[in-house]
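Each structure below appears as C-alpha cells.
Shared chain: subunit A. Partners: subunit B in the first complex, subunit C in the second.
Right, the complex of A and B next:
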C-alpha cells in the first residue's frame, strides 16, 4: 500500500540541507502530529525523520522549523531540528534531527519504578532540565508543550535529552499547533486566558520537577481521589479552574490521600525544609500570580544543587539522605570566633550544642534502618554553600569559584583514600592551582595537583577564589 | 573516621553470585549429589555453616535492595479498553474475520509499548463478541498478559444483546471507584438483526456508558454506518470506514494506541479545538487512505 505521506522501509530520503541521501530504516512511532522514522545515513550518524500528517503540515509549522534550523540549538541537550525535508513524491514535509542514544530513558519508567536511579541522578536530571530551559528562555524562545512525554534522562548519571523541539517559537508570537499537555498546562491556559508563553513554561517545569522528586502530581490529593471517573470536565476543574496544591499550608482540603498518594507524603518527609518552601511557593503564589509569582529557573538551580550537595550515605544501610544544617546554626558555625563578639569558651560550648541539634535531624529515612547518623563530614565554602563529603564526592569550579557558577565541566577536587592507610580520607587537588591548607595546629601547607590533604575537622582551605572549612 | 560515608554499591552483584553458589551447594547436598564437583567443597564446609552464611548474605542483600529510593510506583487509574466484535456469518466473507483477528494481534505489541509509557493508567483489556446472542470472550486482562484468541464467524448480528451485556458492567462495581473513562471499540460489518435501540439506550443510561470514549470501525462498505454513528453519539467524530485489510489494521492500531492514551496519558492538545465539553479529547484519526482500490 502506498500513500502519499508515508515512507516505506528502505526508501531514499534526500536531505538537501545536509547534502546527504539517507534511507528509511524503520518506523519508530506515530503521534498526533506525524510519524517518526529512523534513518540510515552515509556516515552512520544516528538521524531521525519526522514527517507531518498532511493536516499538521501547515505553513506556520514550516516557518517555525525554518527559523529553528537557522538558530543554533541552546545546548546539546536539545534534539534540535537539523534540516527540512521536502520531496515532490510526498505530501507535506518533515525534518531531520539527531536520534537520542538508547541510554536515555523516559521518565515514565521512573514513575512506574521500572528503573532505579539514585537521588543524585534524579537531582542532576532536574538541574539539567532547569538549566536547559533557562538557556532556551534567555534566547527569547518558548517551548510551549513541556511535559514528561518529551524529556529523557540517563538513569546512571542524570544527563538529559529534550525532544519534540518543533513547537519551540519566539515567546509571544502565538505560533504553533499546540497548547500543551493536560496535567502539565498552566491553569491560565486551561481556562482559556492565555496561550503558551515562557511563564506557562515555568509552571510546566515546576510540575515536572514535582513529578520527578515526589512521584505524584502536585494537585492530585484528596480532591482527585474523590473523583470516580477522571474525564475532561473534572480535569479542567482540578488542574485549571480550582487548582489547589496538596501541601498548601493554608488549606488542607486537598492533602494527599494516603491510599493513593503515599509517595507524596513519603518524599515530603524526606526533603529538607528549603526544598518544601520553594515548591509551596511554586504552587501557591505561582498559581495565583502567573506573571510574578512563579519560581524562576535560577532559583530552582540553586535549590536543586544545594540539595544534591547535601546528599550523604547512611552509615548503616547506605541509603542516600539529605544533611542540611539549620540556617541559623549554619551562620553561627561559619562566623569566625574572633568576629562572634562572644567569649570563645562560650562559643565552643554553643557550637557543640548546635552540632547535637544538627545531628538529631539526621535520622535515615529508610523505614527498615532509621539509624541516627552523626558526624557527617562536610565542607563549607565561604558562606555560600556546603557539600557533604562522601567517598565519591567531587568538587567543581561551581563550588570554589563564585565567577564560575554552574560550571561542572571538570572536577577540581575529589575525595580520596590514603594509599597505605585506608582509614584516612583526604581531599585531592585536581586543578592546576595550588591550595593553601591551614591545619588545626596552625601549620600552613601547599597542596598541588594530584596531592591530597587529610580531612580533619577544622582544617581550612584557601582555594584561591574562595575559602573552605572542613566540618564534622 | 569516615567509615560511615563509604558506600560500596558494586558488592551487590558479587553477593548475589555468592548466595547463588552456596544455595547450589546446599541443593546438591540435599539431593546427595555425591559425585558432583561441589562434593569436594562440601567436605570443607558443613551444611549448617553454609546455611548460616547464606542467611548472612541474604540479610546483606536485603539491605542492598532496601537501599533503593523510598515510595512506590505512581498510583494509576484503571482504564478499561473493551473490544466489541461482530462475528456474524457475514464476517466470513472475503476473509474479514481473519483480517480482524490478524489486525488485533498485530496491534497488541504497540498497545503494550504505549502502555509502558503511561504514567496515569493501568490498562485492562477485555473483549465481547456478538453473533446470535453476545458473550464475553476475554475478561479484563492486564495489557502485558493480553492474548487474542482467534474468533470464528457464524450466526446473526445481535448488536442489541452486546450493548445489554456491556451495560451490565459499566457501573460501580464491577468498575473501580477511581477510574478513567473506558474505551469501547465496536467493530461491525453489517446490519443489526435484533432491537439494537433498546440495548443502546440501556448502555447510554449508565453513567460510565455515557462517559466512555466510543469508537466504531465499519468493516467494508456494507456496514450500517448510521447505527455506528449513533453508538458514537453526536459530535465531530465519525465511524472509521475500513475498506480493506490494510486500513483495518491501521485503524485498529490507531484505536489501540492513540485512543487509549487520549483517555489516559495526556497527549499534546491541538490549539484550535472546538471547545465543546466532550469527556475526553481524542486526537484526529489517521488520515483517510486515498486511492484504496481493493474494496471488500
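Right, the complex of A and C next:
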C-alpha cells in the first residue's frame, strides 16, 4: 500500500514544466531526504524523479528548486533540476533530472580501492570538477554541500557528474539552515563566522581534490587518530577551530599516522613538488586568510593539467609516473609564485637542486620496480608548458593555441607508430592546419593532415599559434 | 541425533519507545552443531543497549572466524560488539541526529565512524593481548598446524588471532544507521511485508559492489585498512518504515540452499511475533536456531531482533 508521498511502479507522473507524462519504472533508492525513482519517458530520455519526504518538502527547498530551474545548468556535468513536479494526489513535491549513466561511479569506490583508475583519469576528474565549479561560481551560485558523496566519475576517462544540485544557492544568500558536513566545510562556516559562499566552496573544493589525489583528508592525521569520540565538538575543533594541515611545513603535530593514514604518506612521495606546494598553500594560507589566501580555480586548473601532461609510463613496469624537466628548463619555465612557483617562504623545495635530485624524480615510484627512467621524450611548447610523449599522448588546442585554453574538444595531434618500423615513433597532425617542422639535419618540411613526422630530439615544430621542440 | 549445544540465555529487554513507536529488542546466540562436536566454543557474540531518554537503540552482532589462525576470535567478536555498542551509544546518545543536522553527520558516519570503530577495537585487542600474552599452548599449536612463517606473522600482528566480522544497527529518533563489515545479514521487513537485505551484493542499485566477490574469505576487523571495507547506510524513517529488523551471523543464511529461502525468515519471524507473541518467540528462539544449525550449516547462529509493536 502506498502512502501519500510514495509512488508505485507504473504510476503516471505529470511533468508540466516539460509538457510530458512519464511513468514510474522503479525505485532507485532512498535516503535522508527522499526517494528517487527512474522514469519511463515518452521519448525514452533517461529521467529520474526525486520526491522529498514530507519533513524535507519545505517552502525554502521549493524556492531553491524554482530558482535553479530558471537559471539552467552551468554545464552538462551537473545533474541539474529540469522541472518541478507536484500533484494534488501526493504530499509534498519533487523534481526531475537526467539520469546518471551507470558508467559513473562514486568516489567512495576509489577511496576503498574497489576500483583502480589511472592517474590520468583521476586528474581529468579533478580538472573537470574545478572547471565545473568555476562555471557555477561565474553564475553567482555556490554549491554549499560539497562532499565525496555528491560527485561521480567514469573511472575509464575521468568524466564527472555532480549530483545533489538541489542545495545550490545564490552566493552568500542566507537560507536559514547551513548545510554541509564538517569534513568538507570551510572553517569560517563551522565556527559561525560566515554563510556559504564561493570562497567557502573553494575550500571545500581543495579538500575534495586532496581526498581524491591522496586518499586521505588533509586535516586527518595524528590528531584525528587520537580522538576517541566523534562528537560534534571534537569535529568542530578538528575541522573548524583548530584545523592543521597534515603536511604543514612548520608544524608536524598532525602528521599522518602510518597506521591509519598511510595513503597520504605514500601519495605525498609520488607527486612532484609543484603539486605539494599548491596544497600546502591551500591548507595554510587558505585556512588563515579565507578571503585572499585560497587557491583560485584557474590556479588549480593550470596545476592539474600540468600534472596530467607530465605523466609518463615507466619503461620497466608500465606504472604511471610524473616527469619534471631538468633544472635548466625548469628555471626557464615561468612558474609564478602564486601558481606554486619557487618561493623561499615555503620550505617544501630548495631552489638549488643537484642532478641526483632531478634524476630522482625519474625513479619509478612503484616499490616493486624503482627503475631509473631517463630520456623521457617530451615536447616543450613556447616555454609555456611541456607534455610527456607516450604511446597514447594527444595534443589539443589547449596545448598549441594560447587563445583556446582548456579546449579539449578534439585532438589536433597524436603520437603514432611508424607503419613499417615499430621502433620509430612520430607525431601525427590531426588538424586542418599544416605544421612547419624543422628537422635536426636542417631540413624543413610541411606536415599536413594525417601526416606524421618522426619524434627526434631537437626537432622543432611551428604549429601556427605556437612553437614546440622535442626534447629528452 | 545427539548433540550438545551451548545456549546463551535469551537476553530479553524491556520495550522502548522511540518517536511514539514502541520497539522490542531480543537476541539469541547458539553454538552450532559442528562446534559442539569438535569442542569449539561459540565464536559469535551479540550485545545491545537502549535508552528512552535519548531515543537510541544500538544492536551489534559479530562472528569470530574460529579457524586455526584466528584462535582468539571468540574474544575478538566479544570485543567487537562491546566496542561498537559503547562507541556508537556514546556518540548518538549525546548527539542526536536531527533533520537539521543530518547532512553534517552523514560523512562522519560514512567515513570517520568505521575508522573509529576499528581503531577502538584494535586498542582493546592490544590491551587484551598485553594482559593475556599468547600461551605456550597457543604458540605450539600454530607452529604445528601452520608453520613458523604464519606464527611470525601473528606474533608481529596479534590482531589476526582475534579476527571477526561486525554488524551493527543504530536506531535513533528519526534515522536508521547500519554498519557491516564481513559476512552476515541485516534484514528489514517493512510495514508492507517487503523484505530488504540491507547490504546484499545482489542489490543492483547499490553503488558499492566489490569488483571481485570472494568465495573464500570475508572482510574482517583484523585486516589492514579494514575500515575501508565497511558498508554503511543511513535512512530516514520514511525511507524504510521497518516493522522488523534482524541482524544475523552467516551461520543462518548458510543453512539455506538459496538466498530467497533465507530471506523468507523475515516474514516467518514477523508471523510468529504477530500470531504467537513476543514471549513465545523468546522462549523458543533457541530451539529454532539450534534446529536450523543441525539441519543446515552446522555453524554457530546468532540472531538479533528489533521489532516495532
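Brief remarks follow.
The criterion applied here is as follows: the second predicted complex is superposed on the first by the 435 of 472 C-alpha atoms of A that agree within 3 Å, B and C clash if a C-alpha of one lies under 4 Å from a C-alpha of the other, contacts with A are read in each partner's own complex, and residues count from 1 in each chain.
FYI, a residue touches a chain if its C-beta (ideal position, glycine included) is under 8 Å from a C-beta of that chain, and two chains touch if they have at least 3 such contacts.
Predicted, not measured: the structure shown is a model, and the values here were computed from it.
Annotation for the three-chain superposition on subunit A: subunit B and subunit C clash. Look at A:61: by the touch rule set out above, it reaches neither subunit B nor subunit C. Once the two complexes are laid over each other on the shared chain, residue contacts for A:267 go to subunit B alone; subunit C is not touched.
Once chain A of one complex is fitted onto chain A of the other, the partner contacts of A:369 are limited to subunit B, with no touch recorded for subunit C.
Counting residues of subunit A touched by each partner, subunit B versus subunit C, the larger count belongs to B.
By the document's definition of touching, neither partner reaches A:198: not subunit B, not subunit C. Once the two complexes are overlaid on the shared chain, A:5 sits against subunit B and subunit C alike. With both structures placed on the common chain, the touch criterion links A:105 to subunit C but leaves subunit B unconnected. Of the two partner chains placed by superposition, A:132 touches none, neither subunit B nor subunit C.
Once the two complexes are laid over each other on the shared chain, residue contacts for A:389 go to subunit B alone; subunit C is not touched.
When the shared chain is aligned, subunit B comes close enough to touch A:313, but subunit C does not. Only one of the subunit C stretches 135-143, 153-161 or 189-197 carries C-alpha atoms that clash with subunit B in the superposed arrangement, namely 189-197.
Comparing which residues of subunit A touch subunit B with which touch subunit C, the overlap comprises 1, 3, 5, 30-33, 53-55, 106, 108-109, 111-114, 145, 147-149, 177, 179-184, 225, 227-232, 260, 262. Across the complex, subunit C meets subunit A through its residues 87, 90-91, 94-95, 99-108, 110-113, 115-116, 119-120, 175, 192, 205, 207-211, 225, 228-229, 234-236, 238-240. Residues of subunit A touching subunit B in their complex: 1, 3-5, 30-33, 53-55, 106, 108-109, 111-114, 116-119, 145, 147-149, 167, 176-185, 192, 195, 211, 215-216, 225, 227-233, 260-263, 266-267, 270, 312-315, 317-320, 365-369, 373, 375-377, 389-392, 423, 425, 455.
Contact residues of subunit A toward subunit C in the complex are 1, 3, 5, 28-33, 35, 53-56, 105-106, 108-109, 111-115, 145, 147-149, 177, 179-184, 217, 225, 227-232, 235, 260, 262. Partner subunit A is touched in their complex by these residues of subunit B: 1-9, 63-64, 66-75, 77, 116-120, 172, 177-181, 207-208, 211, 246, 257-258, 265-271, 275, 277-281, 283-284, 286-287, 289-292.
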